[in-house]
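We just call them A, B, C and D in the order they show up, numbering each chain from 1.
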């Protein structure tokens, strides 16, 4: 299938690569053009603007945040301008539900469809086409792009026709991860002070009730305070937490565990850890218990 | 191996059964004798006192709480009185680390060994000999009883020579479960108010990042407010939470997520839900969001 | 002094009245003109637009929220358009620090000064000219309007030249009130369940360590669940809480007590209490303890 | 009136002094006898045991904790042994409600009465006879000792006939203080990072809505991180917090604000601040915001 691909960051690049390997025809665009050129070697064409990429009739976007998504979608050079009537924009970034709703309205007004299809998985999973994709949008549009989604992930979950719902589910997943990180962090702090072998403790958890990727991945990270290089930077994690809390506000749902994570993240940001992995907020439980740091990356950086 | 088995409640009964099926010789005791008699049909002998059961040289205890463990261990009819010098008491109940330390001291003074070997798993897992066992105690004593532990569980984790550490790891595991329940509960409340299909949402979680028994089990429970019959009653869960917080106090480790769970459990107990499953505290997130109850078992029962 | 007064709500009306009694010349404007007409009897002139009121050279605004303040300040009929060069706009509403910063920039660009001068006190205090005024802005502008501020309040506190700082101090004061309400609410719930006379308990507090207006006022409210009629509506309180948390985010300051209040307020809003006094979130502590409601205004209203 | 006085610590000493100045006849006892001898100069007699002091017919005790109160009350040398039938023990320490209930039962069995009469106020207030006394116990016994209570405090509040209720009210008062400290601490951290003059901010609060001793005292302490010398040591504050939480558990009352304070106190204790004033937990809000320490007493002391 012919598809425009907008945004070649640490996630977008391997996702576009997976499409090429599945023999789709990719017209790529990136804000800094060097990354698009690099994809040419794998068979991609390079577009000068998002609009040009979107002329393919289907455009996938994978961008850092709401502002970048807005910039690449609107305006004379944006996806909306280039997409033909009946075209489909598949937004795979983690965006605010409100932003998704606005984009969906604008595309609908232009006779186009918006699908929100955020993913779970880190860059390695993207490279292996092992992402999990959560998609929501108009049924026929989803059917049309389904082969593309399946080419990038190991499984596609369909959530219904409201794109903003996929966005909220993605935020929920990230919230669940932060809850697991905080639980691990508190437990590790206490077992450490009680003189228990932390690695043995973690093995008990991750081989029994918590034999899940989330616990294995972050358990290892917390065991060694290995927050650098970041897989997902703390300020982005804090943004997703903020969006989740805002959704709670909109629907009048108290979220005390998410509030706790919020304050942990702010304590980490105050220490200057904005360039570390988002899981570095888990270190705050250990700070509160006055436990020694295991990594020099945790030196405080000033405000 | 010849082994006394003290305590035939909903967990102890199937555990003793697993020992019998593995061709161990079981001398059983229970406070209300009917339950021991019932085990006779599976090949067990019945003792009149814990002391009599303990004369086997190895005694396993599986009791409801610290008071029951104390009562069955001390005194002229207790395990300690019956156990020969060099004998081993394997305490598999979830007890306070302090209680374990005291029991270990008393057994040591009598020339006996105490092993703490709490388990993860519900009665069904006990019946299928699929428990996870976390054992700590003197190395040679552990080696000696290892065949018994392996006969009851699918895997035995060894934690070192301090019995109280196994107790703390068990409490940590229960804490981690409560954290997962709270995270699920908050997420389910918000996705429900946002109009998302809760079952579909849960499927996304439990088939991707959270593909672990803890999330599948409690996800289903929360989906339908199915807190009765209880697998593990709320007051017992509240007791474990209290012990975990007390351990945090002893070692000067703040545990805000455990504190949150504490207050959730009290809110559930205040509503009169003391006869429901411990996961019923997860319902408080839905109450706070003013969501309708899905089960009549949640009617408030007065103080 | 000649002064335009923009916004005659439950606070603005008595504040303008206080200016008139102090023999200032007031040109009043209100969105719904009836309220301005009513002030004519006390000696005020009535303006057709905020701009017309602002031609007095000094304009005071007292509006419900940021949107109302923006609407009354900008545009061809707004305060900025009417205020002469060198004129002063005294914003006495509780606005977001960001909004204050933006208004200050825009006025400065027009050769005008903005003073933020939010107040502590309820309508009764405004009527008695007993407000506390917290003012920040360019020194000479503050000096010029000082007689006006002093006419409306019992004391004016000067905070420096950054108007947004007065706004933040006002938010801090409101946060401190919510903390006192939550503390009172938890205490009252526990002493009630312990069988202690709540009124006697409250007397002990408010005649000893907490002999302050905040505790006396809200103690009485909580004693009887008397949340209606509202002195300050819950959604407005929730807005101020949100602004305070946002300031914490901007400056990387974790605010767990404010987060707790946030979730309490959402629990109250979920119960449909949006038309009650903001202190009704204090009722959630009693709900969590399953205590009977003392007032029919607390019936749940649905989402 | 003739009265035994048991416990001459930093509070008991000035309280006994106030009784002497009011011309009561004091027979004093202290665990380390030097402190009792020192009181001789002010006119006190010195007893060799609490029992001897209690022979006066009325005995006041002011001791550090429940263990000290138990030790001085029971046994052959204790207050109960010395007090004649019909005698009155006035326990003015801050004890657990459970302890008070037990002491009351034991005294009743001996034909004696127990009054709980804990106080609000620091040593300076005790020296000036300006304490606030909260008394509960059998009416006639309270009437009898009323002149003594009035001689030590500026006001006596009567709470009814259940001594444990006075104990709970005292714990409630201490909880309210911790809530005020946390609220001040969070506010001060945020206004500091926002560049606002903290002293000016504090003046606004304590001259308006929060013109109460609690806020003035602890506001000044937090302004300068002046936690040493301690007026009331952190471990004692943590004990009272624990008792308050335990009362919440007993009556099924969630206390999230008290739980927050608990975790703050543990974070302070983990930093080794056990010899500082209890308000030093307020410093944790500033630590979380990565604000510089204002006092060298805050150096971390290791576990």
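Just so we're on the same page, a residue touches a chain if its C-beta (ideal position, glycine included) is under 8 Å from a C-beta of that chain, and two chains touch if they have at least 3 such contacts.
Just so it is clear, the structure is predicted and the values come from calculations on it, not from any experiment.
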Most remote chain, CA-based centroid, reference being subunit B: C
Where subunit A and subunit C are represented by their mean Cα positions, the distance between them in whole Å: 40
Interchain centroid distance [CA atoms averaged], subunit A/subunit D, Å: 52
Intercentroid distance (Cα basis), subunit D paired with subunit C, Å: 37
Set of subunit A residues in contact with two or more other chains: 193, 248, 252-256, 260, 263, 266-267, 270, 288-290, 303
Chain-level touch network, classified as line, ring, star, complete or other: complete
For the subunit B and subunit C complex, residues of the former touching the latter: 193, 256, 263, 266-267, 270-272, 284, 288-290, 300, 302-303
Residue ranges of subunit B in contact with subunit D within the complex: 238, 242, 248-249, 252-256, 259-260, 262-264, 266-267, 269-270, 303
Contact set on subunit C toward subunit D in their complex: 97, 120, 132, 134, 155, 157, 159-160, 162, 165, 168-169, 172-173, 175-177, 179-180, 182-184, 186-187, 189-191, 193-197, 200-201, 203-205, 207-215, 244, 247-248, 251-258, 260, 285, 288-290
